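Next up is a structure, given as structure tokens.
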Amino acid sequence: MSTRVFKGIFAALTTPFVDGEISASHFKENIKKYNTTDLAGYVILGSTGEAVHLTDEESFMFVKIAKETSSSGKIIIAGTARESTRLTIEFTNHLASLDIDAALIRTPSYFKSQLTSEALKNHYFSIADNVKIPILVYNIPQNTGVSIDASLVCELARHPNIVGIKDSSGNLAFLSEVIPNLPPGFSFLLGAGSLIFPGLCLGASGAILAMADAVPDQCTNIYSLFCQNKMEQAKHLQMDLVLLNKLLTQIYGVPALKYAMDCLGFYGGDPRSPLLPLNDEGREKVRIILEKLSHLVKTRKNI
Amino acid sequence: MSTRVFKGIFAALTTPFVDGEISASHFKENIKKYNTTDLAGYVILGSTGEAVHLTDEESFMFVKIAKETSSSGKIIIAGTARESTRLTIEFTNHLASLDIDAALIRTPSYFKSQLTSEALKNHYFSIADNVKIPILVYNIPQNTGVSIDASLVCELARHPNIVGIKDSSGNLAFLSEVIPNLPPGFSFLLGAGSLIFPGLCLGASGAILAMADAVPDQCTNIYSLFCQNKMEQAKHLQMDLVLLNKLLTQIYGVPALKYAMDCLGFYGGDPRSPLLPLNDEGREKVRIILEKLSHLVKTRKNI
Amino acid sequence: MSTRVFKGIFAALTTPFVDGEISASHFKENIKKYNTTDLAGYVILGSTGEAVHLTDEESFMFVKIAKETSSSGKIIIAGTARESTRLTIEFTNHLASLDIDAALIRTPSYFKSQLTSEALKNHYFSIADNVKIPILVYNIPQNTGVSIDASLVCELARHPNIVGIKDSSGNLAFLSEVIPNLPPGFSFLLGAGSLIFPGLCLGASGAILAMADAVPDQCTNIYSLFCQNKMEQAKHLQMDLVLLNKLLTQIYGVPALKYAMDCLGFYGGDPRSPLLPLNDEGREKVRIILEKLSHLVKTRKNI
Amino acid sequence: MSTRVFKGIFAALTTPFVDGEISASHFKENIKKYNTTDLAGYVILGSTGEAVHLTDEESFMFVKIAKETSSSGKIIIAGTARESTRLTIEFTNHLASLDIDAALIRTPSYFKSQLTSEALKNHYFSIADNVKIPILVYNIPQNTGVSIDASLVCELARHPNIVGIKDSSGNLAFLSEVIPNLPPGFSFLLGAGSLIFPGLCLGASGAILAMADAVPDQCTNIYSLFCQNKMEQAKHLQMDLVLLNKLLTQIYGVPALKYAMDCLGFYGGDPRSPLLPLNDEGREKVRIILEKLSHLVKTRKNI
């Protein structure tokens, strides 16, 4: 098994529902559109994919569709975390049968005060030892209430089957502390859409982004401008996206992302309950920000 | 269907594992011992039961065993929450077939910033409308990162199928604010073992306690002393239990509770990973506290 | 020097301003009204007194006035904390010259991550060793971001010059844990107006309350009903006050308390900037709650 | 009055004590050493300067000494915040008489829940209108528990007498959101030593750093390498400093910084109580990190 390199911009795909039921056709249509972009690949069953709202069967089906529909160059990563170590192993191996490139495994979160570095180390090492595909550790304290320590990441990175981390903490000091101590080939993927450019400046490999579902080209442009050493342009493009990203993640979350997708020619639709569809005030704000962004993007092109 | 009254002390049962596999026999043995106590009933699949570490099949089996093994007077409540509204309804109705008395449903927690009062209200009302057994709302912000508002509780309490709340927040001001506005017959069950006595003083109906797995008699004694208006004795018994409770919940959690059970003639065993078995330092502390408690209990009896 | 006993209900007095300048006359008038109540005494320069908004000279003057104006039975306590140990000692001794009964000293707060139990112990012991009046430790984590550990309180309580604690944390488990280990004569004063009754049930000595500036009689009634073992009545009175207390502390704070005082025949006035005067929405809410309370109080009397 | 431009690296100076008493001579010696570096200027009475531990007289004296001792090119900024608006204005104008370049004014913090954007706006505008020197807003939520909103910063920046912000939040998304909306000439100074390089990449003007007291040259080198567009070198130098910065701020704070200064030929000494001198474990860690850093710096030079 030769591991692919995890770098560039990945979209954390939303899961399309129609009247609460999953819609395979909308999912395929979205992916076909993303296939024409410079996205490095897709994350299925991430936070953005409302993984916590899906049954195991639905989850399996979505990963299968993604695998079948994505163009050959695209990397496929699936979120496979369960709260217990053994269920995580089982479910990861279940999805591994679909020949995906990696599993993205967020920290457990329920027994917060007991999830010490020792417990997390034991958890990830057990998983890495027992699953058939490479894994990426996923740090998202704003949703889980659990933070992975910088020194733990460095330890985990030495395991041959732990090939990267997605960090959504928004704390770039964590990246600075971790990155000099990572083995070659280990990927550091940013999860915060407002920090793509400064994160790349510090040596991140790329990013996994919710926002990339709505504006994939703007996201991949930041990456390619950075790779071409066009720092000023990359910086400005980053700053253009900050407010949109805040709206689609921190403030309104998945319902707003889905609405933005609807506005931009993808299928978004409604989230599953308990998430509510975006309210009118939120819709108004998303539309205003998208208009501003469209104007800014034109301005940048004229320079 | 005539709803039972939820009052008195309930034990939130642990789930026994042997080498990581569930052990029906130990579970039965524990329940048979609890059947001889004054416990009002049992909560299966609560936080203490490591519900998040069990498959649906394991969960079903444990509730079935509890129902079959408990003596007739004991009330059976099962934790049935899933992150999405629809999966919660499905799973609750699945367990309802076992003829249990109520479902205990903790708040969803993953998309914290989107779980507004409006979203939670919609969630609980949908569930209450669609499940075949009465439900108890479960507020446990230290594990979920989500708090239910006092005014929302009062609104939920008006639904005929929402018959109570378990509050593990440890915030008695919440109880004071809620209790005058609850309809008759609605149960307020405390989830914080250090606040049984003051909570009863304020009008709580009873408590659902992890600690009751280890020291059921001491817990039910607080309740019965209170009912007999023996306030001083109830108070002293409460204070005797504060440190033990802190150790078994806040500080070391489920692994410590299981160890204490082992010390006291029940079957505790190890938790499932990522929870680690209690370390030596923790074991030492639990033993010391249990010894002190045993001494204190004798002293109280002599008075 | 014979230390007085700190028990019963104390009012944490507001500091009256007129156009931003301190008003000695309004302060005296308020105190004269409080002299006719069953309040055990007054706390000057507490959080409620906007101590952080006053110069040392203004602070001294207010304590002097309180000492001169209060009737002989009332206990006078002054808040004297500064961020450093040495300035706290200096300022406490400066006020000690006014022959007050005790100093209330909140934890330092600026260097939060360095304020370990060891640092706090050293701080309070140094102060206790070097000041001429008894001190009360003040735990108010919601304002300071620093919490005193239960075991530290028990250690501090052994110092002959540390005679009590005011705890505004709202965490009654803390009280339960601390109280069995306190030496006789050490006072545990509640700082949370919604927990007077349950706190007394657990053995607290009394309370220091912002709310007592607005409704002193209702507050002292809870205490006296409790002392007469009229538990049901004490409980109901407590619950009547929960919403008012929430409004005057947690939600709107000092500006709302001052407005409520204005509504009830005391002088409240405006706070000093950066605190803003209560806005119209807040005023409306305070008035509605005060009306409801007045109705409830009548109802209770008729029973 | 022509305002100076606030860019480059500033040292937030520690305040030297000998046996708890302030030491003017050590302060002068330190400054004379810093005068030979490329530091843009000094911040006196910042968090690092233990401003909260000083009397007004001591504070005035230290600023006076700094003004007299610094070489002509260095910018002098003093921390002048008090909790109330009026005391902040008074103290700022008192120090303005020393002909300093600007006042750094951190948010008030005591009445956290009342310090809304409206209250903070009113506070800063009142100050800016009434003080005789330009002001810099200071956002340090980890010490104050209060965060300034991005949109508020943009509003404040329009006031002619508010010339910059120091942001110690460590949240670069805040910088990204704010910076496109700032008027020309407004300075954004970073307060997080681990984020100098990525912050400069995003357009920050410079940084005010505690760490610069111990390793001024390494800090100014990051800035000058960045200005020369030597991005790789700047990045590596930044990463070399991350662990030292963590130790001197987050983990051990001022006591560790003072110890590191002692190790490196400056005068550090002990902090004032309640801060404790660095313990042996901390000293060991600081020495190890300094040795590693010294080795890394040599390595970088050889490249």
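In this document, chain identifiers A, B, C and D correspond to the written order of the chains, with residue numbering beginning at 1 in each.
To be clear about the criterion, a contact is a pair of C-beta atoms (placed from the backbone, for glycine too) under 8 Å apart; a residue touches a chain by one contact, two chains touch by 3 or more.
Please read these numbers as outputs of a predicted model, since none were measured by experiment.
S.K.: Sharing more than half its contact pairs with A-B, counted by residue number, which one of C-D, A-D or B-C qualifies?
M.R.: Matching pair: C-D.
S.K.: Centroid of chain B to centroid of chain D, CA atoms only: how many Å?
M.R.: Distance between chain centres: 50 Å.
S.K.: Quick check: how many Å separate the C-alpha centres of chain C and chain D?
M.R.: 36
S.K.: Check each residue of chain D and list the ones that touch at least two other chains.
M.R.: Not one residue in chain D touches at least two other chains.
S.K.: Could you draw the chains as nodes, link the ones that touch, and say if you get a line, ring, star, complete or other?
M.R.: ring
S.K.: Under the stated contact criterion, what part of chain A meets chain B in this complex?
M.R.: Within the complex, chain A touches chain B at residues 20, 47, 50, 52-53, 55, 83-87, 108-116, 118-120, 122-123, 126, 142-143, 145, 250-255, 272-276.
S.K.: For chain D, which residues are in contact with chain A within the complex?
M.R.: 170-173, 176-177, 179-180, 192, 194-195, 197-199, 201-203, 231, 235, 238-239, 242-243, 246
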